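Remarks on the structure that follows.
To keep things simple, chains are lettered A, B, C and D as they appear, and every chain counts its residues starting from 1.
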């Protein structure tokens, strides 16, 4: 189903993007022809989503040229992209649960030239769009009552209602059932036939090869081997390009004596998210938890730490059962947890470095009674700043909001290190962090493990886990797909387990 | 693997059924409560259900109903406006003074709506543009407007018993429907149409549901919130005119504390304090009816005269508790 | 904390120093503490005060404060006036019990304290210099006796709806007691059907009145504690089609209290049988003059005994002579 | 010689940064009023103002704690009214003053805690927005005050109780001593203890605080207890001053309290603010009332000034925060 016409719809060359000094995209170039489906694959954090966000006007590019239908294209905000005919189906959908399907489709711009939008008119208009796409959805149904798959169909219908000529899909199939996936693929083939071009990001390689005309592999923000016809590349070769060997990034590995089981989690179930997960972490051991987007790693960590509820399952810590886990309880048990979302759940942005670092260990920073040991706080903060090599001004006055991403993450780690944790759960600790800070973070983790602390290291970057961990559990679809000992480590093996469908 | 996928949608639907059950109770609960109240008070005093008591009830709900309809817009976007009682006061004052000077009814209605809209715009400016906290802004505006209005007339009590006031209260359309009830019906209809049939209304629901999502999608969030406060002010202005004419006398303590009654009526009517949920008609209207039934019923049942504030406080507490349970607010 | 307090004291002291002594005041400073001004009745009293002030001319420096019915605010206002060097205090107090602390304060600084419109007896703890007030109890009894005779003459029984003002107001309580006494004296003739609380809130008055007329259509007399509540009552009666001249079917006898313009107007239109009249002008005028005399040390026999003005009852018969005494008379 | 830049005299007191704006307003207004308002700037009047501001200081301190979590407490007024009534009831119920007065005072404090507890539970467990929950409790408990006394003042409380408002120690009146003592304790709690850090951290970001193991629910619950307790202390002083249980006590103080806290620099968004500013804000509000009264400005214009003042100062705070 090769694209018949030759005219290029979207041309990109030399595109760069960096965040806080970290180069996320390095002169990316490719072209998208009319009616063509371009598959973009790569590890998590390789820069796939950033690429789409730049094209979709969510982020501004640092440098490089983008040509859309032959003219220069510089989107300032998502609305510019929509007006230019580009539609963006995000991984977390952008819908309003209190409105109906039809209302969601027309809520941002309504119907041209119509002041009144009676429900009957909206439903009729929406029905025509849905029928054109052979989507059997009741336009009057409230989005609240729809499953993930149906909601995705609404986003797509919304894109088509703006007569988008180019549609970006960012990990669309993570929480779809097989039948819902089939309808999506049929839809994409119809769009292609109608001359709509699409960029399809997914880590489900089988889907990509089956669906896309051409495939582009991205690793560390660089395209590897350029656009290739999907027939001309095997799955293993694609994985190889995706994985490759990272030059210059060596991962410190330290021999550790592994002690008895610290954390023992059995059969955690949370309907729709976790299907009976069991995992154990021993003292002095770094257990990696790998998985792709939507595999349920973050949900597992949050369930264990008591931030989110779960339906059933047993958690034991140092042999004692923990009935209903709660952060306050874990802090008393000296268990630390770094969340994936650093800005909203890890830091007090408007407060100073000292306030942030001494946040968790506050109960122990006191003189007599509850009097704050201010000097102790500053001393502990200063020690952490120097030990973790955090680049910051005067810790008492420096506001955390103004620190770089890497330094902010170090502050979060520092805050937990103060309680000298016996168990440390880290969720994507190195995401969006410069290479130097990444290395520092690995050394802290190793130092911790060497001193007998158990570490549960959650990441979606294989090299990192392979380099640092003693054991890696791989999650897929809310379940442990398998565990690899250090001897059996290989990116290919990990990816295979993660991709298992 | 795919088996796991298959069985997940069923799991969701079990959750949905429980959710839908509470949703249904929540939506029809209003009618049940209203019915229960009517039956209770009918038992206590037989002519509670007499025809002109019903009209009298509608009359009493009109000014609160008009203001509650306006408040729905603001509450949909997740905000609140407690300056509405001061707006009612200042428009009652202005329309009394102007009608004494010869302004007609239509003029009075226009002036009241315009004056309310201006105050709404002030609220909107501080809350939408400068993103300040609605409760504090509208509290400050409430005191400023009431002070301004009393300054305007000097510390006197005005009588709104001139021709326009009397006309507004006395005229009956088609023989028995009071003009004020017609105004209430028109306002309720317009608000509900605006909410359910226009883009502005839809976007207000959207903003209340997911403000950052609306922002990302390109909806003019600031403008919509600003217009919500203008609408709320305008309708509070109209409510002030109606209430002033009904009571006949506008003293400096006019409509003090009315904002809490209107807020609780809206919340009782299913308008959520956390935004994104609620209708003007039947929602807010039913809420007002319930509150008026309670007040009216209390008088009928000759209950102890101090119990009013206690009952009103309990009604508000229960209404908001249900709302918080249902819509899970953040502890603020 | 230490730093803050030191700053605080430094600037307080420096301001006092350079501000120097307040201008020497030969004039006599009179502080007038009023409850509220939001009602024609209070405006009637103010007319009296303004007349007195005009009469005393530049011999007197007046400072009128209103406390919106908040006892604590009134105490502070009197404290402020005393601190600012008032020579006499004339006061319409909010709360007969809490005002005693302010009187004690004035007694300490031997500043004469004069009450207006609301009685306050001296006793071992406080000494009140003088006061002018209406004897609400006597006035209510007189008015209701007139109504009782009226009922006997026309052979009707009064089924009364009592619109209660705010129960923190001493005068209002006397009115209820006066009414209850006459009701007790004329068992068959006067019967209270319902008493509706208004807390001086007009919406409540309107709703209460309307609902009461619904609940008991047999009501044929409305006794209200102030004609501040007359307008909503008229609205309610009009809505029920019962705001008609005396003698017409469905007529309800309305008994407004204190004699505002609306009541006088209604009597002119023969829609109201009678009205309790209070001498508000006297209260204001005499109060300020007495305060001035005590401050200036003038010994005027007129202001020896406390005045407990019996007020007057305006009826359709004596309308021509007594109505002009009402403050609502234009 | 220490470099002048180091000599930042506010540095020592941590929660002090934004009290600077309050102090500036205070001094500017003091001087303006001293010049323009006759009879304002004399020692006796200023002392009178400070003593009269004791109850507002207490209420403002209590409200500051609730503001720090981005909430608001409307029910302080009900605590004042109901506290006054209950305390008075106990004191006049035949018990000898030596027993009646302390018992009455204790009852008032307990009532403050009880109302605070109800608000705290409503906000933390029932997840109700604080402004509506405290609005409802305000209506319920002030209604209760009117019901108990059938809105009649309970008169002639024992002289000993009256002394709380009139007596003085080394020339300093008791009310201001009580106010400053409570202020000192609360300032110490907020700026010098771990509990204070909990409050500001939770106010800044609920999620981060929760995940860092801070006792979020308990702390927020305690804020309403403190607000209720402060209102109880204020009620004691006001009731003692009037020597009567007044069911409508303090009914118009809400705007003064909010004005005092906002002038004091406590932002309404939560997590930012200080108690020193509220103290200064309270005295400033009293100065405003006193000076405008002396000028003969009528009460409704004062009401207008306070409303506008809150708007303007919130604007300035917003602008300052944007610039910082």
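Here is the rule we use: a contact is a pair of C-beta atoms (placed from the backbone, for glycine too) under 8 Å apart; a residue touches a chain by one contact, two chains touch by 3 or more.
The structure displayed is predicted, hence computed values, not measured ones.
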Q: Could you name all chains that are in contact with subunit A and with subunit C at the same time?
A: B, D
Q) Which neighbours do subunit C and subunit D have in common? A) B
Q. Greatest Cα-centroid separation from subunit C: which chain?
A. A
Q | Chain pair that, of all pairs, has the most C-beta pairs in contact | A | B-D
Q.
Rounded to a whole Å, what is the gap between the Cα centroids of subunit A and subunit D?
A. 47
Q) Per the centroid of Cα atoms for each chain, what is the distance between subunit A and subunit B, given in Å? A) 43
Q) Distance from the CA centroid of subunit B to that of subunit C, rounded to the nearest Å? A) 36
Q. Distance-wise, how many Å sit between the C-alpha centres of subunit B and subunit D, to the nearest whole number?
A. 31
**Q.** Sites on subunit D at which at least two other chains make contact
**A.** 150-151, 298
Q | subunit A residues counted as touching two or more neighbouring chains | A | none
**Q.** Per-residue multi-chain contacts in subunit B, two or more chains
**A.** 155, 252, 306, 308
Q: Could you please write down every pair of chains that are in touch?
A: A-B, A-D, B-C, B-D, C-D
Q. Where on subunit C does subunit D make contact in their complex?
A. 1, 3-4, 7-8, 11-12, 15-16, 18-19, 21-23, 63-73, 75-77, 79-80, 83-85, 95-98, 100-101, 166-168, 173
Q. Which subunit B residues qualify as touching subunit A in the complex?
A. 1-2, 4-6, 8-9, 11-12, 15-16, 20, 193, 196-199, 202-203, 205-206, 208-210, 213-214, 216-219, 276-277
Q.
Touching residues of subunit B toward subunit C in the complex: what are they?
A. 45, 47, 50, 52-53, 56, 59-60, 155-157, 159, 161, 169-170, 243, 246-249, 251-256, 258, 295-296, 299-300, 302, 305-306, 308
Q. Quick one: in the complex, what on subunit D touches subunit A?
A. 14, 192-198, 200-201, 204-205, 207-215, 271-272
Q.
Taking the touch rule as given, give the residues of subunit D at its contact with subunit B in the complex, in rising order.
A. 69-72, 122-124, 126-133, 135-144, 146-147, 150-151, 206, 216-217, 220, 254-255, 258, 262, 268-270, 298, 300-308, 310-311, 314-315, 318
